[in-house]
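Below you'll find the structure, written out as C-alpha cells, and then a few comments.
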Amino acid sequence: MIDYTSASIDFALLGPEIALLASAFLILVTGYVKSLGKLSPGVAFVGLVIALVLSLNQWGNQSSGFFGMVTCDDFGSAFKVIFTLIAILTLLMAHRYLSHKSLNRPEFYALLNISTMGMMVMANSTDLVVMFLGLEIMSLPLYVMAGMARRSPESNEAGIKYFVMGAFASAFLLMGIAFVYGASGTTDLRRLVTDYHYIVGNFKLYLYSGVAMILVGFGFKVGAVPFHSWIPDVYEGAPTPVTAFFSVGPKAAGFAVLLRLFVFGFAYIGLLSDVFWVLAALTMTVGNIMALRQNNIKRMLAYSSIAHAGYILIAFAVGGDSAVSAAMFYLVAYALFNTGAFAVLVLLETRTGCKSDFSELSGFSRLHPYLSSVLALFMFALCGFPPTVGFFGKFYLFSAAIQSGFIWLVVIGVMNSFVSVYYYLRVIKVSFFDQPQQTFVPVTYSPAIIVVLLITLAGTLGLGLFPQQLLDISQSAIFAFL
Amino acid sequence: MTEYLYLIPILPLVGFLINGLLIGRIPRPVITLIGCGSVALSLALSLSLFFELKALPADSRMIEQVLFTWIVSGNFHVSMGFLLDPLSAVMILVVTGVGFLIHVYSVGYMHKDPGYGRYFTYLNLFTFSMLTLVLADNFLLMFVGWEGVGLCSYLLIGFWYHKKSAADAGKKAFIVNRIGDFGFLIGMFIVFWQVGSLNFVDINAMAPAAFIAGGSLITITCLLLFVGATGKSAQIPLFVWLPDAMEGPTPVSALIHAATMVTAGVYMIVRSNVLYMMSPDALFVVAVVGALTAIFAATIGLAQNDIKRVLAYSTVSQLGYMFLACGVAAFTAGIFHLMTHAFFKALLFLASGSVLHAMSDEKDIRKMGGLKKYIPITYWTFLIGTLAITGIPGLSGFFSKDEILWKAFSSDYGHPVFWVLGFVTAGLTAFYMFRLVYLTFHGPERMDDETKSHLHESPKSMTVPLIILAALAIAGGWVGMPHILGATNYFEHWLEPVMASGRNAVDTHALMSTSSNAGMEWSLMVASVGLVLISIFVARMFYNKKPELATAWQKKMSGLHKLLLNKYYIDEIYGAVIVRPTVYFSLFLWKVVDVVLIDGLINGVAVVYNDLSESLRQVQTGRVRTYATWFAVGVVVLIAVFMRG
Amino acid sequence: MSLDLAIFVISALVAVFGATMMIFQRNPVASVLYLILSLVGQAVLYVQLGAAFVGAVLIIVYSGAILVLFLFVIMMLNLRSSADLGEPSPPVSRFVKYFVSCLIFLELSFIIRESLGAGSTTSAGIVTMADDSFGSVESVATLLFTRYLYPFELTSVLLLSAIVGAVIIARRATEDELPPQPEKAVGPISQKTNEGQE
Amino acid sequence: MESQILTLVTFFPLLGAALLLLIPKERHDSVKSIALIISFITMLLSFWLYAMFEPLANGMQFEINIPWVASLGISYHMGIDGISLLLIVMTTVLNVLAILASFNSITQNVKGYYISMLLLATGMIGVFCSLDLFLFYVFWEVMLFPMYFIIGLWGGVRRIYAAIKFVLFTMFGSLLMLVAILYILFEYQSFAGEYSFDMLKLAQMPLGHQAQLWLFGAFALAFAIKVPLWPFHTWLPDAHVEAPTAGSVILAGVLLKMGTYGFIRICMPMFPEATVTFIPYISVLSLIAIIYGALVAMVQKDVKSLVAFSSVSHMGFIMLGLFALNLQGMEGAVLQMLNHGISTGALFLLVGMIYERRHTRLIDQFGGLAKVMPMFSAVFMIVTLSSIGLPLTNGFVGEFLILLGTFKANVWYAVIAASGVILSACYMLWMYQRMFYGKITNKENEGLKDLSIREKIIVIPLVLLIFWIGVYPKPLFDRIEPAVKQVMNQMGRSGTVEVDEDFSIKPVLADRTAEQELIVKAEKEGE
Amino acid sequence: MVPISAYLIVGVALFAIGTVGVLISRNLIVLLMSVELMLNSANLCLIAFSRSQNIMDGHAFVFLVLTIAAAEAAVGLAMVITLYRNRETINIDRFNLLKW
C-alpha cells in the first residue's frame, strides 16, 4: 500500500510534470531569440516525449509524497500517458496549421505543455486543493489557446466565452471545496473516505452540497449537460488543433478527477448513481439531438463530444471496477478517433478560407479518396461501428452497465448512438455522395500530420480488432487505486 | 419393356430440350422430325406397354417405376416415380395418340409461322408435362405435370404474344389455374398429414383407415382437390379462362384445351376415386357443379359467333358431363367420355382449324357459309365430329354420353334431376353444333371476295390426321358399348382394377344396380336421341331453311341473346368484384399504408427529431449570460437533489 | 449587542452593499470602487474570524493589485458609462436570473442553518477565541511551506502561464500576423452564416 | 489448411480488397479482372468447402476456436453446418455474378466499387461462419458500410435517401441486438461463472421466460428488419430500387438471408420458449408480408420495386416456414433462402441488363421485348417461373415444403399463405406480359441487343441452379436436415419445449403445469 | 459572539450576488469582477470553516485562491483588451457570432 503520510519531497514523483515545465521554460526563454524560435515545437515535442517516457516509467510505482499532496499510482500514470499522447498528437498537427494561420508563436507550445502538466497534476493527486490548482493550470492556457487567433472574431469570442464560463464554474468548484472542507476539515480525499462516517453523521448537508458543487465544477470541464453550453461555441471558434486538444485532453483530465472523486472517493453517497444516471442520459441525448442540425463539422463534433461525455458518464452511474476501466478504455478510444477526425479537419482547414462547413466537404472523396476514407473510418468509429475501437469501447462500457443492471440506461445510450449515426454519416454523405459544388482545392499533407493520421488510424482499427492489451491495462490501472 | 416406362415422358422432354436449346439454329425439317418424332416414339412405346400391361392378369396390372428421390424432409418423402396402370395406360394412349396426330397436323398448320421452332418446343414440353401428369405415381409429381401443362397452356395461348388479347388470355389461364392449384395444394397437405404419404398406391391402401368415411375432413379434402380440378378443367366458377384460351393456335386448342389438359381434372378425380368414394357429399358437389357447368356452358354456346368459342363452350359443357359422371361415382363413364371426347373434340377443333386455314383466319361464322364444296374433307370430318358429339347412335359420343346420362339417373349417387340437366344439355349441344355446321358449311357464302379467292382444302399433313381422328370419333366408342346393346363393355372391365379399390373403400353395392332396369335405360336412351334429332331439325330450320326465323327469335329474345352472347357477363362481374377492388386495394396499401403510414411514421420521427434539434439549438443563443443562466439552473437543481439525499 | 456583533453587522452590511452596488453600476470605475469597498468589509470579517494575515493580504493584494489592474484596463480602454451596452435583457429573463441566484442563496443558507452547530468543534457554532497562533503569519507560512508546499509551487506555474497568456493575447500585432481581414468584424456582429440546411 | 479453411474463405476477399488498393485507379480493366479473379477463387474455395463438408453429419464442421478478447470471453470461433454452408456457397456464387454484372454499369470510381464488393463479401461470409456472438455482430455491422457506399455512391437518383434509410433501419435493429447480446453475456456469466459469447454454449444456458421474451424481442427486431418482415420493410424497396444492379443482387440474395439466418442460428436455439411464444405474432406478420408484398408488388410501376416487394412476400414465406417449427417447414425455409437468393438475384441481374440498355426500369417503357430479345425473354421467363414457384424449378420445392410444414403447424396460416402463391403469379406474369408481350410500342426498344456472351455467362449458372434445385434437391436436403435437426435439438435441450418424433416443436409448459398440479394435489391429499 | 453560520451566510450571500452579477451584467468588466467576487465569497466561507473546524488549512487555501484569482484576472483582462480592440465593445451580448 501507499504510504499516504509521506512527507518526502520526492521529485521523482513529479518527473513528467517537471519535464513539461522545463520544456515550457526552455521554449519561453529561447522563444524570444528570433533564431531559436523555430526550435520551440521541437523542444515541446522532446519535453512531451520525455514526460511520456517518465510517465510510462511510473507504471507500477505507487507512492505518495509532498505531504500527501502528490499520489502516484497506476491510475494516474495511465492518465498521464493519455495526456501526453494527446498533447503529442496535437503538437504534430498544430505546427503547420499555426504557421498557415500565422499563429505559430513559441508561447503556444509552452502553453500546451503547461496545460498538459496541469492535467497531470489533476490526475496525480488525491487532494482537492491540488486538483483545483491543476484544473486552473490546465484551464488558463486553454483559455488563451482558444483565443489565440487574435484577428479572428470567432477565436476571440471562443476565448472569452470559455474564460467566463470556466471562471464561473471554478467559483462553484471552489465553493464546493469550501463546503467539503467545512464538513470535514480536510481536503484530502483519502481522509474524506476514511472519516466518512463521522462526516456524514455530522455534516451531511455540507458534504452533499459541496459534492454537488464539485460535480458542477468538473462536470463543466467534461461537458455534462446542463454545464455544456460553452462547448459548441468554443470548439467552433478555437483554432482547430486547439479544438482537437480541447475535445479530448481536458475531458480526459476531468474524467480522471471525476473518476477518482465520484467512483472511489464519494462512492458512499448513494445518491450519486441516480444523479449520474440522469446526467448521463441527459448529456448524451441533448448532445446527440443538437448535433443533428449542424452545418459546421467542428460544431457538430463539439456536440458529439458532449454526447460521448454522456456515454462515459454511464460508467459513473454504474460504478465499480469494470465501469472505471470501461470509462478509461473509452476515453482512450475516443481520444484516438476524435483526434483523428480533427486531424483531417486540420488538413482541410490549411486551405485558405475553409471553415469546416459541411458544404465545403462536398465531393471531397473525388480528389482525396484515401483521406476521405480515413475520415469516413473515424466517423464510423464515432458512430461505434465495428471493427473500430469505437465499437469495442461502447461495447465494453455498455456491458459493464448491463452487468450492474442498468439496462434502460444502456438502451438510452444505444438509442442515442442510433441518432448519432445520422449526423456522422452526413459527413460521409457529403464527402462521398454529393457533387462537388465548386472546384475543390486540394489539401497538402505534411509528414507530421501523416504521422498523426497513421497513429490514430492504427489505434482506431488496431485496438478495435485487438483490444485485449488495452483492456488489461485499463483493468489493472484501477487496482492500485486509492 | 416396362423398365422403359420413364422414356414415355422423357422422350418429349428430350425433344423439347433439343428444340429449345437449338432454337433458331436448326432447319424446320429437323424441328419437325424431333418434335413429331419424339411423340411418335412415345406413342409407340405407350402402345407396346399397353399391350404388355394387357397381357398381365387383371389384378396385377400395375407397373411402378421409381427413378430417384425427389424431395425428402423427415417423414415427407416424394420420389420421381411413374405408375402405369389401366387408367394411366388409357390416358397415355390418348395423350400420345391424339398428341401425335396434332403434332403432325401442326406441321401443316404452322408452316408459315415464324415461331415454328418455338411452337414445337412448347408442344413437346406440353406432351412431357401431360405424360408426367398422367403417369405420376404420387400427387406431387402429378402436380408437377399439372402445373407444367398449365405453363404450356399459358405459353401456347400467348403464342402470338404480340397480340394483347392472346397475352391476356394466357395470363388469365395461368392465374385462374393457380386459384385451382391453391385448392389442390391444400388438399394435398391434408392427404399427406392424414395418410403420411402422397403416393397413390399408399393412399389407396391407407386412406380408408386414415379418414373417416363420410366425415367432414375427407369431404373437405375432396372438395379442395375438386377446386383444383375446376380450375384445370374449366368448371364453374373457374371456367372463364377456357373460352379466352382460343387465342392460341388452333392445334393447341385441340390438344390442350379440348383433348388432354382440360381433362386432367377428371383424371385426377378418377385417380383419387378412393378418396371421393369415401365422401358422398363431395361427390354430390362434383355432380352438381358438373351438371350445372354442362348446361350453363351449353346455353352460352348457343349464341356465340366465333367458331372456336362455340367449340370451347362445348368443351366446357362436355367436361361438365365428365364431372357429372364422376359425381355420380361413374368414374369409368367419365374416363370413357374423356376418351371419346378427346377424339371428336380434337377432330372438331382441327377441322375448324382447317376452316380457318381456308378462311384466312376469319373466325366469325356469320361471315362463312357454303364452305362444303370448297373444303370437302374438312366438311365431312367436321360433320362426323358433330354427329359424334351430339350423340347420334353408333358414333363414339353416343355411347359415352348415354352411359353418363344413364348413370346420372340410376346410380346410387345419381338423381333424375341430374339426368334432366344432362338431357337438356344434350339437346342444346345438338342445336348449337348444327347451328355451327349450317352456318359454316351450308347456305349462302357470306365471306368477302378476297377471302373467297383463297379458299382451298388443307394440305395432307392436316387432312390425314383429320381422317384418322374421324375414324376414331366413329369407332372410339365401340370399346365401351353398354350391356343392354348386348356387347361387352371392354372399357369398364379394363378399368375395373382401378375402380375396385375405390369401391372397396366404402362398403357399398352402388353402381351395380344399373342393369336391373333395362327398360328404363332403353326409354331414356330413346328420349335423348329423340331430343337430339329434334334439336338438329330446329337448327336446320333456323339456320339453313329459314334464317329469318333465327333473326326473328333473336330479336324477340334480344335480352336473353345479349346475355348469352356476353357469357352472362361473368368476366365483367369478376372484373368488378375481384380484380378491380384488388388493384385499388393494392394501390391503397402502397400509397397509403406504405408511403403514408409506415414511411410517414418513420420520416415523422426523423422530422420530429430534426425539429427538436432545431428548437433545442435555439437555446444555444451564443450569449454567455444565457449559458450561465442554464448553468446556474443546473446548479440549483443539483444542489436541491443533493440536499434531499 | 456586543462589539463583535456590531462590527460583524456593519462590515457584513458593507460587504453586501458594496457587492450589490458593484453589479448595478453602469460606470465600471464605480464598480471597481464598490468592489473594493466590499472587499474591505470582507477583510474585516476575515480578521474577526482570526485570519488577520489573510485579511491583510486580501486588502493588499486584491484591492491593491488586482482591482487596480481592472482600473488600469478600464482607463486604458477609456470605457465610459455610456459605452455600448445594448438593450437590457427582457424582464422575464431578468427575473429568472434573480430567481435562480436567490435560490442558490436560499439553498446554501438553508444548508448552513440546518447544519448549525452540528458536530462543530465549538459549541453551538459559536466561535471562541482561538489561541494566538491561529491565523498568524508564522502559522500560515508554516503551512504553506510544509503541507501546502506543492500547491504553493504550483501557483507559480499558474502565474507563469497567466503571464504568458496575457502577453500572447494582449500584445500588439506583429508584422507576421495576417493583415486584418477586409470585412473586419467591427462592432456588433449579429448575422451569422450558419443558415440553410441541406 | 483444412482447419483454417473458413478463415481463408472469409478473409480471402478482404485480401483481394487490399490487393486492389495497390492497383492504380485509372487501370479499370485490371481492377475489374482482379476483382473477378478474387471472387472467383473465393467461389472455388467455397466449392471446396462444399466438397469437403460431410453431409448427414451432426454438429459444426471446420470449427476453429481461438481466444480473441479473453477477458470478455470473446473468441474467434467459426464453424459451419449445412445451413451456413449452403448460404456461403450461394454468397460466393452471387458475388462472382454480381461483380461480372457490374463490368459495364459501373464507370465511376471503379476501384472503390470493387473494393466495396469484396469487403461486403468478407462481411457476409463472416456472418454465416461465426459461432461467436460478438464475432457475428462485428461481421453483421461490417457489412453495413460497403453496402452503404454501394447504394450511396453508385446508386440511382434517390440513392442518398435510400442509403441512409438502409443504414438507419439496420442500425436501429442491430443496436437493440447489441443490448441483448450484452445482457446474454451477463446472464451467462451469472450462470456459468465465466464470460462467453459462444453460441453453442449460450444455447445450453437456461433462461427465464421473461428474459427470453425480451431477448428474443431484441434479436427478432434486428433480424426482422433485415428480413424484412412487415412493417419493417419500407427500407427495402428504396434500397433495392436505388442500388446498382450488383447491390440489389447482393442485398436481395444475401443480406436479407442474414435476418432469417439469425432467427435460425440465434433466436431459436437460445430462446426456444420465447420462440414458441412468438409464433403467432411472427406468423401473422409473415402472412401480412406475403399478401401485402404481393399486392403492393402488383401495382408497382418500376420493375425493381416490383421485385423488391416480391422479396417482401417471399421472405414472408421463409419466416412462416421457420416458425412452423417442424422439419418440413424449416427445411423448406432454409432451402427457400437459397432459392430466393438465386431467383431474385437473377431477376435483379436481368433487370440490370435491361437497365443498362435502356436506362429505365419503368414497366410501361417496355413492351414487346420478346420479339427483339428472345433469349433474354426466355431466361426472364424461367426466372419468373422460378420466382412464382413452378414445379421443377427451385422455388417450388421450398415453397411446397414451407406450406406443408405450416399446414401442420396451423391450417389457416397455410391457407392464407397459399393464396400468396396465386398473387405471386398475378404480379409476375402481369409484369412479364407488360414488358415482353404485346407490340413494341416504344421506338427505343426496337434496336435492343440480345444477351451478350458475358451476360450469358452470368445467367446460365443461375438457370442451371434453378433447375438443379428444382429437380434434384436431395443433396441439399442431406446437408440441411442434420443442421435443422440440430437446431431443433438445441431448442429441445432447454426443457421448455419438446421435439416430437416427427421433429416438430411443442411447448411442454402446459404438460408440466398439469403435472405440477397433480403433484400439488397429491400433496394436499397427503395432508 | 457571532455564530460562524452568520459569516457563512454573508459568504453565501456574496456568492449569490456574484452569481447575479455574472448573470445580468452586460459589461464584461463587471462580469469579471462578479466572478472575482464569487471567488472571494468562497474564500470567506473557507476562512469561516477554517475557524469552525479550528484547522488552519483553509488559510493556506485562501492564499492559493487569491493567486488563482489574480491569474484569472490577468488573462481575463488581456482578453478584454483584445476584444475591445477587435470589436470596440465590451458588451458580452455582442459576442454571439458563435451560436446554435
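When the chains are written out, they are named A, B, C, D and E in that same order, and each has its own residue count from 1.
The rule is short, and it goes like this: a residue touches a chain if its C-beta (ideal position, glycine included) is under 8 Å from a C-beta of that chain, and two chains touch if they have at least 3 such contacts.
If you're wondering where the values come from, they're calculated on a predicted model, not measured in any experiment.
*Asks:* If each step moves to a chain the current one touches, what is the fewest number of steps from chain A to chain E?
*Replies:* The least step count works out to 1.
*Asks:* Which chains lie in contact with each of chain C and chain D?
*Replies:* A, B
*Asks:* Please name the chain that ends up farthest from chain A once chain centres are defined by their CA atoms averaged.
*Replies:* Between chain A and the rest, the longest centre separation is with B.
*Asks:* Identify the chain whose mean C-alpha position lies nearest to the mean of all protein C-alpha atoms shown.
*Replies:* Taking the mean of all protein C-alpha atoms as reference, the closest chain is D.
*Asks:* If you count the contact pairs for each chain pair, which pair has the most?
*Replies:* Maximum number of inter-chain contact pairs occurs for C-E.
*Asks:* With centres defined as the mean C-alpha position, give me the chain B-chain C separation in Å.
*Replies:* Centres of chain B and chain C (C-alpha means) sit 100 Å apart.
*Asks:* When the C-alpha atoms of chain C and chain E are each averaged to a single point, how far apart are the two points in Å?
*Replies:* Their C-alpha centroids are separated by 3 Å.
*Asks:* Using the average of all C-alpha atoms in each chain as its centre, how far is it in Å between chain A and chain B?
*Replies:* Computed value for the inter-centroid distance: 79 Å.
*Asks:* Using Cα averages as centroids, what's the distance between chain A and chain D in whole Å?
*Replies:* The computed centroid separation for chain A versus chain D comes out at 43 Å.
*Asks:* For chain D, give me the residues that contact two or more of the other chains.
*Replies:* Chain D, residues with two or more chain partners: not present.
*Asks:* Where in chain B do residues touch at least two different other chains?
*Replies:* Answer for chain B, listing residues that touch two or more other chains: 617, 620, 622, 624-625, 628-629, 632-633, 635, 639, 643.
*Asks:* Taking each residue of chain E in turn, which ones touch at least two of the other chains?
*Replies:* Residues 8, 15, 18-19, 22-24, 26, 32, 43, 48, 50, 52-53, 57, 61, 64, 68, 71-72, 75, 79-80, 82, 86-87, 92-93, 95-100 of chain E touch two or more partner chains.
*Asks:* Which of the chains touch, listed as pairs?
*Replies:* Taking the chains two at a time, the touching pairs are A-B, A-C, A-D, A-E, B-C, B-D, B-E, C-E.
*Asks:* Touching chain C in the complex: which residues of chain B?
*Replies:* 622, 625, 629, 632-633, 635-636, 639-640, 643
*Asks:* If we count contacts the way the header does, which residues on chain E are in touch with chain A in the complex?
*Replies:* Residues of chain E touching chain A: 8, 15, 18, 22, 28, 31-32, 35, 38-39, 41-43, 45-46, 48-50, 52-53, 55, 57-58, 61, 64-65, 68, 71-72, 75-76, 79-80, 82-83, 86-87, 92, 95-100.
*Asks:* Considering the complex alone, what residue numbers of chain D touch chain B?
*Replies:* 231, 233-234, 237, 292, 295-296, 298-300, 326-328, 331-332, 368, 370-371, 374, 385, 390-392, 396-397, 400-401, 403-404, 407-408, 414-415, 418-419, 421-422, 425-426, 429-430, 433, 436-439, 471-474, 477, 481, 502-503
*Asks:* Quick one: which bits of chain C touch chain E in the complex? Just the residue numbers, please.
*Replies:* Interface residues on the chain C side: 2, 4-5, 8, 12, 15-16, 19-20, 22-23, 25-26, 28, 31-32, 35, 38-39, 42, 45-46, 48-51, 53-54, 57-58, 61-62, 65-67, 69-70, 73-74, 76-77, 79, 83-86, 88-89, 94, 97-98, 100-102, 104-105, 108-109, 112-113, 115-117, 120-122, 124-128, 130, 134-135, 139-140, 143-144, 147-148, 151-152, 155, 158-159, 161-163, 165-167, 169-170, 185-190, 192, 194.
*Asks:* What residues on chain A touch chain E, complex-wise?
*Replies:* 129, 132-133, 136, 140, 143-144, 147, 150-151, 153-154, 156-161, 163-164, 167-168, 170-172, 174-175, 177-179, 181-182, 184-187, 232-234, 236-237, 294
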